[in-house]
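These notes open a run of structures that come right after.
Next, two complexes with subunit A in common: one pairs it with subunit B, the other with subunit C.
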Partner chain A sequence: MTIGLAAGVVVLGVLALNREYRENFFTGSGVAEGALIAAIALGVVLTYRGSGVVNFANGAIAMYVAYVYTILRSNGALFLPPIPNPLKLVEWVVHLFQAHDTLHLVDIPVQISFGSSMGFWPALAISLVFCVLLGLLLHFAVFRPLRYAPPLAKVVASVGVFVYLQAVIILRFNTTVQTVRPLPFVHKTQVDLGLIKMGQDQLFVTLLVIAFTVGLWLLFQYTRFGLATRAAAENEKGAVVLGFSPDFLAGSNWVLSTVITGLLGVLVASINSTMDPVSLAALIVPALTAALVGSFSSFGRTTIAAFLLGMQVPLVLYLSANKGWFPSTNGTYWPGFEYVLPLIVIVVVLFFAGRSLPTRGAITLGRLPFSPNPPAWAMRVGGPALALAAAACGLFLFGPDYRGALANTLIGIIICLSVVVITGFVGQISLAQMSFAGISAFVVSKLSAEQGWPFPWPIFVGAIVALIVGLLVALPALRVRGVNLAIVTFAFAVAIYNVVFQNTSVTGGYHGALVTVPSWINPNNAGRYHFLGLTAGDGLQPNPMTAMFGLVVVVVLSYLVANLRRSTTGRQMLAMRSNERAAAAAGVNVAATKMLAFAISAFIAGMGGAVLAYQSGAVTAGPFNYPASLIFFAFAYLGGISSVSGAVAGGLLVPGGLLFTFLEDRFGVPTGLTLVLGGLGLILAAIQNPEGIAGRMSGIGRRIETRFASRRGAEAHQEVA
Partner chain B sequence: MRTISTRLAVALIAVALVTSACKSSTSSTSSKTNGAGASTTTAAKSNDPSLNQWAIAYTGGKPQKATGTPIDIGYVNQDTFFPEATIGVDAAVAYANAELNGADGHPIHIVSCQVATASDGAKCGAQMANSPSIKLVLTGTLLDGNTELYNAMNGKRAVIIGNGVTPADFTTPAGEAFVAGAPGVLTGMAKFAVGQFHPKTVALLANDNASGHAGAAVIMAPIFAKANTDVKTVFVPDQANGAQVQSAMQAAGAGKADVFVSILTLQTCISMYDAIKTTGIKPIVVTTGLCFGTPMTDHLKQAGDSGTYPDGWYFGDYGYNYFMPSTTSGMQDSGMNTYLAKVHQYGKPAPGATTLEYSGFSGPMFANVLTAVKFINEIGADKLTVSGLDAKIRGFTGPMMLQVGPLKCGVAPYISVCGSQIGIDQYKGGKWVSINNGHNGKPIDTSTGT
Partner chain C sequence: MELLRTTDMCVTFGGVQAVDNVDFAVDEGKIVGLIGPNGAGKTTFIDGITGFVPTTGSINFQGREISHLPAHRRSQRGLGRTWQSLELFEDLNVTENLRVAAEQQSTTGFLADLIIPQRRRSHTDVDFALDVLGIRDLARLMPTEISQGQRKLVSAARALAARPKLLCMDEPAAGLDTTESQELGRRMRRIVDAGITIFLVDHDMGLVLEVCDSIYVIEFGATIAQGTPAEVKRDPMVIAAYLGSTETPGR
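So, the complex of A and B:
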């Protein structure tokens, strides 16, 4: 800590002494950016102190409340999320027998109107009431049931909330920009503070953030409520003995957190003048970084770190655009390095101080999802039968839409398999699986289109490059775990997307990153294939062999993962997942096992990226953006994070996969609802069914088996008697 | 087993309920916004017969309602980002069917496919390529799945590309875009900045994506380099907040440079406007038409600032301006008056919006639909083939509705971009001023060295 502080003082001294650096570090925009980060980070710390949850959704909460406020001000209406309408069931049944226009019952409104546009204060008041309700809902419906759950379940639930809130906004308002009316009591005119010049509105929010920081510090330092929360954080049982209700404290902190986050979200949106579903939610990465520096407990350190993270942005941008020594690409500077600093800070902080950080999950691990040993019948009969069924469907039965969905599902299964290895077997949370996939996909593009490497060699090289990067990412994992590792990998995903996947040397500029696809797997080849007297394909796109190529990869990787689970290494991984200390005491090389798991996981994700590249014919950054990793992680958990069958279930659930294609085809479920349902499903899975769909089905199967076995046993007993 | 059945039933019911919730939501939203969004800010009256006469002359149609069996036209767009493209398409189809005899007497039926991810591009492409009733496909504006879409349709369907923004849109052999697109507008903006202001230094802000990088490095940088202009380029995220845009402007030296060029999304344009106001700098701003969307107007109004658009800024466009008075030269001949009247008559606001976004990409899509009608009328509905439509598209030399200048398709390196001229307008003192455009007969030709 002392070394860190000293280093910080030296860096600040250098910045202050050099005029050029000083002018670009102490800027109004940098301070304002820091205030935005701090606004989200304070809520993260508050939530953690109150309930032990690292809330990945805090940026999304700020965004959602800002939307509530914005729509109130512009339209005077409070929009509602999709609410199930029971009357539609009646309509549905009637429409089975009669024409669709014969019956139309009442629709559930999508908004509550308060008239036309609304003034600042009433809109703010309603927004804050909404915050209180949202905080209570999050506590009682989502995180209270997870009080004693492992950190993984809490992360999953918060990711579910993130996905759900963002999906509702996109469903209601698209991603089109909404303008936000300015605050009525401050303007955008510049204020000269000597060292820094900034807008009046920026200064106001900055001062408010500082005031909240001081206020929260006082609250937790000197009030009975704050002391009780601290006591409960240290020892819940002790707090109960002293007469405090940890449940009440957690609920109060959730409400306080959503109110502060929501209020600051509203103000931040107002000074930004515009709203969209992404930008505020994306501040969660630097906000988590700041909270991490503050050890998820210090409001002061968190806010200072947030301001420093914000203030480095204009300096890094200035250096990149103006200094010849800065890395360049294709004649311009190499952008995205402002995203690297949060990653470096996280890695350094965790690597050197990781073990001393309070990780509640380390104290109470709780029950992790059961990871069953694949039964012999599944390996010998079940797996091949499922693969043959998929092949038969893809080749002979499915039409174009379902063939495309099958190809998407197979890619989803591969990515989910990579999550199974790293999270299901080893208990390490990685939110960067699509980054590994992206690295491999771009390598495939370079080798196949630019270097002329024949199929399938680029696939293996791509996956091996992903494996190497995975090993590098694994280094911090040697000292950190659980939620902290999730933050490291999330920051890595953001950095790699901005620094590598947006680089024109990688993306191919105006020509794009193309892939040379062999004709027989080219999805746009609408041919028919004849073998063994059978005809595969219907002469329509996509090519059925495209999915078969993905199926072969899935089968190979599934057996690899299943055998890993059955092997000694797999058992060591599971032992480590349960208790690292015990595993080490039993002779497991924890570091080597972790590295191996990361390598295998990144390799599998790399295979997924390579298959995707060949299926697309071109590689773009979009599919490998960091939210994609969150979404795949979510669906992997929903399917079942600790088994191959779970990965298969997860693959079925992914957007564009078989399940949602079926729902769209048969029930008219719009694609826009995919993520809303996915987010809700994820929250429910975290609370009710941590073993996922596959785990639940397997549990039911086991119960049936046991019941039959006991009945047979009873009958045998009767016969003997 | 009974437990499984019960749970399965519960799950199905839940899905049905949530689905129904979404359906009811959509319908309610539409009806509400449809009523609220009827805008009356037309430049010309919709019942003016000269407007219809222009469209009849352009398309070769007849002044009557279309009847008979519909003709399917495919349409692929990313509505979550560019809903205004669909506004233009829907308004044009409604107009053509009601007043222009549809397409050779047949009502036009749009078969729409929405893209949200790269895999959707492949899915939509396959859908269009597989459907025997679809011979012609219009694309709107896509950020994802472009390559997959074009690859799936290449050679199998005639394709009119809408407003291209990604590299694939400019280099695909699958179809042609009649508008000048980003290559034309950015080239024209750079040429205008160099020719008009002879700058020694330029601050350039571009979005941090493949298009932004290519636009700055591949299209604009060589023009500035040829003019010995020192360019400081800074990239900002697509949905950057105000502070990030302000930081980027400071890094690029926007306050000190002779000219400040921005190729940003509307959202970042608004942040740029705020940053200029906050920092008090007074740069010469040259930017794209994306910066004058309705949200910018709303923002200025909400902030209490004068004018409808940022004062003094220069905007690049396709040569004709949505906001000029209807009597301005070129407004009638380019079809702008017809477009403005009819989009207000037939257009409906996007879901969730209260005002009709008729600027931006709506106009060119409206024009593409009427141009498609023109081709079908010329070929004849009974003789439509993919190759016949494709030949019409590739052989089209203009004049093109709302696009200045003649068209020249298939010119490398941007083989799928036909428009080669653009316009520059300035908003000054509450009025639009023609600088170099179709209104004053001095558009910028991006295909020549001058």
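So, the complex of A and C:
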């Protein structure tokens, strides 16, 4: 800690002495950014202290509230999340019998209108009421039911909230940049404070955040409420003795968190005058970094770290644009380095602090999803039958739309398999699986198009590069348990997207990085193929063989993962997931086994990226941005995190996959709804049904099996012997 | 032959000396007991020799120094343990619990596992552990489906499945009634007959005095007496510290 402080002082000293650096470090925009990061981070610390939840969704909460406010001001309307309409079913049934879509029943409104536009104060008031309700909703509907759940389940739920909030905004307003009106009561007039010149509005939010920090510190230090929250974090009985119910404390801290986060989201979005749902929500990365520096307990340290993380952004932008020694790409400006510092800070803190999260004195009653041993019939009959059915559909039955959906589902299954290994078998969360896939995809592009390597060798090299990067990312999280891997991998996902995947020398500009695809699997090849008197393909794109290549990879990887579960290594992983100490006492090398799981998982994700590269013919950055990793995690969890069949179910669910293509085709369910349902499903799965869809099915199967077994009675006993 | 010897072993938590310069030896083929009042450092002592808390001083196992080894390496050398809180792998069935301990894995062996997962089909160690403790009928059940007494046996069986040279048992009789405790004593004799030495930590004086060949008594982390059960029962320090005045020893 002291070394860190000393290093910080030295860096600040250098910054303050050099005029050029100083002017780009102490900027109004950087400080305002820092204020927003600080507010998000304070919210994270509050909810952690109040209920033990590391809230990955807090950036998304700031973003959502800012949208609520902005739409109130510009349209005078409060937009609503999509609400299921049972009348649609009636319409659908009627339309089955009628040739013309004559019946049209009432639609559920998408917004509540208050007029054509709204002034600042009423819009702010409604937004803050919304914050309070959101905080209460998150507490009562999501995190209170999870209060005794393992930390993993809480992280899963918060990722679900993240995906849901972001998906609602994208469904309603796209990912395009939204304009936000300026604040009416402060001006952009510059104030000269000596070291720094900043706008009045920027100064206002800065002082507000500092006031919040001091206020929270006083609240926790000197009031019975704060004392009780601190006591509850140690031992829930402590709070009861002080006359507070732990439930009340957790709920109050949630409301405090959403109000502070939402308020600053509104104010800073107004000062910046623009916002978009992806980059605003991604501020959770520097916010988590700041919270980590503050050990998830100190408000002061968290706020200071947050301001520094905000202030480094303009400095890094300036340096990368103006300094010859700064990394450049083909001699020109290389963007994205402002996203790297949070990752470095997280790695350093985790590496030197050893354990980052103080263990909370809460009882854990919940457990992680059960991981069944794959039954023999599934390996011998079920798997091959499913693969043959998929092949028959892909080759002979499906039209172009469904062939494309099959290809997407196959990619989805591969990514879900990678999540099964890391989360299902080992109980760690990686939020960067699509980043590993992206690394592999770009390696495949380089090797196949630029180096001329023949198919399929680039696939293996791509996956091995992903494996090596995966190991490097996982290394700092190795010594510590809990949610640290989730934090590191999330920071990595944001950094690699901005630094590498946005770099035109990697991505090849507008058309993407090209891949040399052999003609028999090239999606643009609209040929027909004749086997055994049958004709595959209908002369339309995509090529039916494209998905067949994906299917082969899926089958091979599925068997490898199922074998892993049945092997010594798989049992060791599950043993470690249940109880690391007991696993070590049974002779399991915990560190090596974890590394192995990270490696296998990143390798599988890399295979997925490589298949995606060959299936699309050109690699673009879009599919590998951080929300994609969250979404695939959501669908993997929803399908069933702990088995191969769960990965298959997850693959069916992914955006653009078979299920949603079917729903869109038959029921007109809009595509944008996929992600909303994904987020909602993830939250519900975390609370209700951690085994996922596949687990539910196999649970029913197991009950039937048990019934038969009890009839056979004696036979079953002999089998045991 | 001497299996385990500690010399000047200490465990310190903050400023508290939880285990204070304990010199201790276990001979092969014996049951050695360790008793002491609550908080005397009994579990910490087991944690120390099996590698779960840092220690100073020397720990010699089968003639080799092991105090620098991490816990899993000590386990692989033949130093097994059970836990007072059992710590079963709740996600694995009873057989799988035992197989985790029985099958040692080299980190490179996993590649073969991906292709031929069930290649190590010989279950002799698992069968041995199930038979010694008489719990073969539990083999396919999940830990959540069996009683607390059965869970204790599974916990012991898991340690036995690794075929340890020395088995450290942490309070195996806690929560058992007298009959169950006597049955446990008989099963422990069977374990010793199978060639496994036992180091027993327990509260149950009846069990310890009955099954152990020699006994150490500790208080506040330091040894206050040692000897055969008969010698320990007569020791005035032991009577004062642990047995209390209401119970007249040796009766």
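Going forward, the second predicted complex is superposed on the first by the 681 of 721 C-alpha atoms of A that agree within 3 Å, B and C clash if a C-alpha of one lies under 4 Å from a C-alpha of the other, contacts with A are read in each partner's own complex, and residues count from 1 in each chain.
Assume a residue touches a chain if its C-beta (ideal position, glycine included) is under 8 Å from a C-beta of that chain, and two chains touch if they have at least 3 such contacts.
A quick note: this is a predicted structure, and the numbers were derived from the prediction, not measured.
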item: Three-chain arrangement built on subunit A, subunit B and subunit C clash or fit; value: fit
item: First, second, both or neither for A:Thr179, with subunit B first and subunit C second; value: first
item: Centroid geometry (CA): angle subunit B/subunit A/subunit C, rounded to a multiple of 10 degrees; value: 170
item: First (subunit B), second (subunit C), both or neither touched by A:Gln688; value: neither
item: Contacts of A:Arg571 with subunit B and subunit C, given as first, second, both or neither; value: second
item: Between subunit B and subunit C, more extensive residue contact with subunit A; value: B
item: First (subunit B), second (subunit C), both or neither touched by A:Ala583; value: second
item: First, second, both or neither for A:Pro400, with subunit B first and subunit C second; value: first
item: Distance in angstrom between the closest Cα atoms of subunit C and subunit B, superposition on A; value: 24
item: Footprint of subunit B on subunit A - complex, ascending; value: 24, 27-30, 32-33, 36, 74-75, 82-89, 91-92, 107-111, 170-179, 181-182, 188-190, 197-199, 202, 268, 271-274, 276, 278-280, 282, 310, 313-314, 317-318, 320-322, 330-333, 335-336, 400-401, 404, 407-408, 498, 502-504, 507-512, 514, 523-524, 526, 540-542, 615-618, 620-623, 655-656, 663, 667-673, 676-677, 680, 700, 704
item: Residues of subunit A that touch subunit C when the two form their complex; value: 367-368, 370-371, 373, 560, 563-572, 574-575, 577-579, 581-590, 592-593, 596, 717, 720-721
item: Complex interface listing, subunit C residues touching subunit A; value: 50-52, 70-72, 75-76, 80-81, 83, 87-92, 96-97, 99-101, 103-105, 107, 109-110, 113-118, 120, 136-137, 139-140, 158-159, 162
item: Subunit B residues within the subunit A interface of the complex; value: 1, 3-4, 13-29, 32, 79-81, 83, 114, 116-120, 122-123, 125-127, 129-130, 143-144, 147-148, 151-152, 154, 166-168, 170-171, 208-210, 213-214, 216-218, 221, 232-235, 237, 239-244, 246-248, 250-253, 265-267, 270-271, 274-275, 277-280, 295, 298-299, 302-303, 350-354, 413
